[in-house]
Structure formats: C-alpha cells, structure tokens
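What follows is a pair of complexes built around chain A, which joins chain B in one and chain C in the other.
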Partner chain A sequence: MAEAYFPVGPGLGPEENFLSLDDILMSQEKLPGRAESNLPRLAFALGQGSGAGSGDSIPEGSKLEIPMWLAKGLHDSKRRLISVELPKIYKEAWRTVFSADANVVDLHKMGPYYYGFGSQLLNFDNPENPEIAQCILQTFINRFRRIMDSSQNAYNEDTSSLVARLDELERALFQAGQKGLNDFQCWEKGQASQITVSSLVQNYGKRKFTEMDG
Partner chain B sequence: MEPAEAEFLAEKELVTIVPSFSMDRVHLIGGDLGPFNPGLPVEVPVWLAINLKQRQKCRLIPPAWMDVEKLEEIRDQERKEDTFTPMPSPYYMELTKLLLNYASDNIPKADEIRTLVKDTWDTRMAKLRLSADSFVRQQEAHAKLDNLTLMEINTIGTFLTQALDHMYKLRTNLQPSGSAESQDF
Partner chain C sequence: MVGERAVGLVRELQSAAGGRLPPFRAEELGQTLEEMRTLYERNQADVSEAKSGRTDLIFLIRFRHCCLLRNQRCIVAYLYDRLLRIRALRWEYGSILPNTIQFHMAAEEVEWFNRYKKSLATYMRSVGGEEGLDLTQDIKPPKSLYIEVRCLRDYGEFEIDDGTTVLLKKNSQHFLPRWKCEQLIRQGVLEHILS
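On to the complex of A and B.
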C-alpha cells in the first residue's frame, strides 16, 4: 500500500542526518575514552559522581564512557580535551572474526547500530580508519545474501528468529524485502483490490464522547 | 510500483474472445474496438475481456502460450539457462493470474498451468537473487539483465535499491574525507 509517512533514514557517511531518529539513537551509544586534561566541575555529567569528591573536577587521564554525540563535540586535534579509543568490536580481533565469517556474528548484541556507529568513528583521526571502513563494507556485503534470502522467502511466518541477529540498518532492509514479498503475495491472492484500513489509522480505537470531557 | 499497478498496465494486452452479442465498432481514445458479432473471434484488451466475461457476454480463448506443453518447455528452458530466457509475454504473471481467476472454465488444465507458471516464476526469482548477490559481492557499478518482467523487478526492487544505497554510502567512507568542516572556537 502506498506509504503516507516516510521516516528519514540514517546518514551512513561521516555526517549523520540531523532529522533521522535512527541516527539520534545511534549517537547515544557510548565510546571508551580518557580525559586528556582537567575537566572542572564535570564529574556529575560524565558519570563519575561517586569518584573523587562529589560534583568536582575530573582528573587528567581518568577513563570515561562518553556518548558519541559528546565525543564528536569535544573532539579537537588542537585542544586536547578527550581522547577516544575504539570500542572492541571495531578492533583488530573482531575485524578478523568479521572477515572470517560475517554471518555468525550477532550484530544486534554488539551495539544495534554497527554500521552507523562505525561510520561515525571514522570522524576521529585514527590510523586504523581505512581498515575499519573496509571491514564495515565487507561485513555488509557478506551478510547481504542472507538478509535477501530470508526476507524474500519468509511469508507469513514468525520472523523474530531471523531478525534477532541483525542490526538496525539490516532490519530496515529486511522490512523492505518482506514488504515486497507481502505485496506480491497479497496481490496474487486477490486482496490487493480490497479496501483495507490504513496502517496509520488502524490503532485509533473508538473513543467515546464522554471520555473526552474533563 | 505496486503489483496492482503492474496488473493495470498488463490489462492493455490483447486477448482473443468470442462474444455472444453484437455491437458496432466502438471508438475509444486508445483505439478502436472492432465490431462484435456473436460467434466470431475478435481481439480486445484484457480489461474489456474480463469485464465482458464477468457479465457472461463472451468466451475467452487462452493465448497461444498458455498451454501445458509450451509452458513445460519454457520452464525447462528456464531451468537450463543461467540467464533469463525471453518470456512469451512481458506480463505473463499478471495475465496468468487474471485469466485463471476469471476465466478458468475457458482454459483447459488451469491448475497445471498455474503450477507451471509458478515454477517458472520461482526459477526466475532465484536467478535474480543470485545475480543480485554476485553484483553486490563484486561491487560492480553496472549490471544488465535482459528479459526481466515488470513484476519481478517490483518484487525485489525496493530491497535492492536500498541495499545498494547503503553500500554506496559505506563505500564513500573508504575515501578519506577531503574537506573537514570544523568550527574553531
């Protein structure tokens, strides 16, 4: 059925899409990092409340878990406020796992925004950037076949076991594949010419007039 | 595009009917519909044929390719070849569905025909997926597939274009960014 609502997709490059909900959620994921200089009065904000002195400054060199949006904002090669490390799934060890067989990895558990987060990581100057970018691309290519096959062949089944190991980007692709399949099957059964309720309106229960008073 | 739209386009194809009424030539914007005489076969578009059949004013004659032996040949050929074989009609799926739903009494061995067409469809879809996978795997920039019909393209189209979009964006990540727009303060 023709869509009435088109959500803004995630930007997969070095810049994220400002209006995309997926990107907003993705940038909330945390990175390990270290404070490079004294950060006065920021202990409460960066989760060190129970550390040295409540609400006081963060000493130099202490380890932090920073959300991506904050890391991008504070990152500057001239004024070194924080330095970030790669989360473990983008490191060498996991990269070899991905290149061996990308299909077995549970990408949903490893951070549900593997591709988006990985693309954002390329913003920080890091000597391993080309390898990370290559690894993300190869992972996507290797998993593409399985997503295509499972989404185009599972009609009217419970797909939760099929999507459990996919990350958010792959889930959106899976939905697109399912939609193509469902539209075709529905047309073949002759239901395409029946008028059905639009998905946007289907959840509006009938509200009684008396409920709206007071 | 949705399957219903592809079906709408398929209804322009011509099919032979044998009317049971008589009418003079009708002039429509799309063309003329020839004079109808009871018992004489005439070619009309599918939309009109279905309509007349529902009003029980005609008898449908199946197209030449809608025959068990022919379809078996087509199916076997499809299975042998690695590329797509030309289909008897660019709308074979839609026509099969329409004619077999509304006029199955005029078509001999309708069930077998349905099964054969479905088998051919499945083989073609499998080939399409295989070629899509090798296209993505080798990161080619350009692919050419002959003899695909609209319905097949529709079913896989959205998925494939989205996947290729994502792949393109991930590929541009490989080039180190030239212009770093940063604000110094």
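On to the complex of A and C.
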C-alpha cells in the first residue's frame, strides 16, 4: 500500500468535503428534475439542445436531468427555478425492497454512490426526507456485516465477485478490511520488519531507471 | 456539457490507484481556465443588463456562477491531490525523484517538492539533538543492525561507512548495514532477504 498518501476522504452526512475527489465524482451523478419557469439558453449549456445557441430555451414544466452540483447550486426555496425529484432508488418502491433484504441489491449498478448521493439528497426540502435517511441508514447496517466478514476472510484471492455489488463507500470499507488482514498476516509470518519496495515505485512500470540517468 | 473537462481531470486522478502520479494535464487545465474566463465575461455583461431591469437573465447568471464554482472546485482539488501524492513520494521514495516521475510533474510542482524537501530537512535537523533525526528511516521497526540484501539490478559501486566499496551487480548478495540500504530497498534496487 502507498502508506504515505492520504487523500481527502468523502464527507459524512449533509456536507461534502470540498477537496475530496470522491465527493466531486459523486456530485457529478444526475438526478431528475423539472423546470419551474422558462429557462433561457439552458438547453445548449446542458448539452441537450441541438447546439443552436442563444435561441434555445426550456419551457416551463419540462423534465430535466441535472447533475447534483447544479441541482444544489440552483436550489432555492424562495425563487422556484428548478424542482428536483427523487431518483427511483430512493423512492417508496425501492425503499421496501431495501427493508426486505438489503443484501441482494446491486448497489454498484444503482449509482455507485448510493450513500453519499442519498445523504446529499437530504439537502433538498422533501417531505420524504426522514424515510430516506432511515432507509439509507438501515441498508448500511444490514449490509455491513457481510462486507466485514468477507473482507476479513478473503486472503490472497480474487475478490472481484465480492466487491462487484458494493457501492463506493462499501468498497472503501472492504479495502480497509483487506489491508488490515494483509498487514496482520504479514506480521504473523514475521515479515513485518522486512523493508519492502515502495509501491509508488512499483506502479511506474518496468522501465529501467538506469536508462534515464544523465 | 459545461465542466466536463474539469471533472475529467478529477476522474483520471481518482482512477490512478495506489497514490500513483499521472502526467500533468496542462492543456486540459488551460482549456478549463479558458472556459471559466468565457463564463465570467458573459456573466459580467449580463449582470449589468439584469440590473437595468432584465430579471429573466438572473437564472442564467446563477447557472454560470454554479459552473464557475464547479470548475474552480475541480481544479483546486486536482492540484491539491497531486501535491499530496508528490509529498508521499518524498517519504516513500527519497529526496531525489527519478526522471520518469519528474516527467509527470509540472514545473511548479517540482518547485513545491524542493521546498517541501527543504522544510522537512530543516525540521529533521532541529529534533533529536546535534545531528538531527532522519524521520524517513526505520519506517518498519528494525530487528538488527546489519541485513542481508540481494541486488535486483545493476547499480554500480556503493561505498559503506568504513570505506569499503561494494559492487552491486544484479543477483549479488551482500550483508550490509541497515541504514545504508533502506533507501535503495525502497527504490527497488535491492531486496531485503529475511533469514
């Protein structure tokens, strides 16, 4: 592992971390919405028009798909420009699926940032917010046990089938578990004091460094 | 779509796993800054129009402002994360970076690396008494003063403290003091063998 590299992690709860790469990619995910009034020239900017330029305007009431960062920026409870709807995975129907059995759901396919995106959804005033929050929390609790178990018991094997259906937060947890397992095994074998090559060097490929000298 | 280029930079960086440093995308960065400049200028023009009565432009101004903030966030996070990776290189690799890695760095980043090196060296000299304390050594707890190492590639002559030189040829094995070898092992020249 690259021990000395500590990236800025995603934010927890309703606040994103400004510098977190994870949060930037998470807020790029789209959500459905509706235009609440005539929006001039927006079609071109959103890449949805045929590129005619300043003539395109989106009429009131039409459906839009906008990224989360734009939704948060344009959202204003006083001046109704855009209203956002919940993506289907956070709606009533899917919530019952989650409460029935959270472990079978492929969270990676359902938008790889289920927990982060869901937490950001709570920023919009939606009457279903308490249920959404409860659902996200319960899903995490139900799935966590399996993630912990599998990460602690998969040693030196191909884990792609285990992580395939996990969302990004869960994958990070899985990796943390794997790292703990590998470090422990390394210690048990007496290799903890062995100086190893820095993984940053290994990742640059097999180019011979002697060729670059001079 | 506005902001795509900036997010593309972030995406590439995120997919470079294990703290690896991908090449510095100066061109994409320049294009994003150009996009920001255009947005800003258009907003400047529209704000004065909006103040004189055209309230239907307010939405557009706000939209452009969101895009500006988004681009700014992506660029700042991109540059900051790269610095974190470069900082990690000092600790993991050593104070002299190989050319392959330097190719991937912008001139300002190299400058930053040099200043960080200097800061670290000053700090290390100030702790631990007269000679200072090399904090980048002994990352793993040492078990012995001398260690067995095998050479992974031809390195050349290597001088140890008592004056003797050792020829590091590929696959040769040596019994050397730990503090001299640590950096070479981390750089992949030597391999630490446990008995």
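In this section, the second predicted complex is superposed on the first by the 194 of 214 C-alpha atoms of A that agree within 3 Å, B and C clash if a C-alpha of one lies under 4 Å from a C-alpha of the other, contacts with A are read in each partner's own complex, and residues count from 1 in each chain.
Just so it is clear, a residue touches a chain if its C-beta (ideal position, glycine included) is under 8 Å from a C-beta of that chain, and two chains touch if they have at least 3 such contacts.
Since this is a predicted model, take the numbers as computed values, not measurements.
Colleague: Per the contact definition in the header, classify A:190: touching chain B only (first), chain C only (second), both, or neither.
Modeller: A:190 contacts both chain B and chain C.
Colleague: Now for A:14: first (chain B), second (chain C), both, or neither, which partner does it touch?
Modeller: After superposition on chain A, A:14 lies in contact with chain B alone.
Colleague: A:25 contacts which: chain B (first), chain C (second), both, neither?
Modeller: A:25 sits against chain C, while chain B stays out of touch.
Colleague: Does chain B (first) or chain C (second) touch A:141, or do both, or does neither?
Modeller: first
Colleague: Quick check on the superposed pair: does A:130 touch chain B, chain C, both, or neither? Answer first, second, both or neither.
Modeller: first
Colleague: So, A:200: does it touch chain B (first), chain C (second), both, or neither?
Modeller: Touch partner of A:200: chain C, not chain B.
Colleague: Under the contact definition given at the top, report the residues of chain A touching chain B in one complex and chain C in the other.
Modeller: Touching chain B in the first complex and chain C in the second, residues 1-2, 190, 192-193 of chain A appear in both lists.
Colleague: Mind pulling up the chain A residues that touch chain C in the complex?
Modeller: Contacts found on chain A: 1-8, 18-22, 24-25, 28, 37-42, 45-47, 69-70, 73-74, 81, 190-204, 207-210, 212-213.
Colleague: If you look only at chain C, which of its residues touch chain A in the complex?
Modeller: Interface residues on the chain C side: 1-3, 7, 10-11, 13-14, 17-21, 56-57, 59-60, 62-63, 65-67, 69-70, 73-74, 76-77, 80-81, 84-85, 87-93, 98-101, 139-143, 147, 153-154, 181-182, 185-188, 191-192, 194.
Colleague: Enumerate the contact residues on chain A facing chain B in the complex.
Modeller: That would be residues 1-2, 11-14, 76, 78, 115, 119, 122, 129-130, 133-134, 136-137, 140-141, 144-145, 147-149, 151-152, 169, 172-173, 176-177, 179-181, 183-184, 186-188, 190, 192-193 of chain A.
Colleague: Show me the residue ranges of chain B that touch chain A in the complex, using the header's touch definition.
Modeller: 2-4, 7, 97, 101, 125, 129, 132-133, 136-137, 139, 151, 154-159, 162-163, 166-167, 169-174, 176-177, 182, 184
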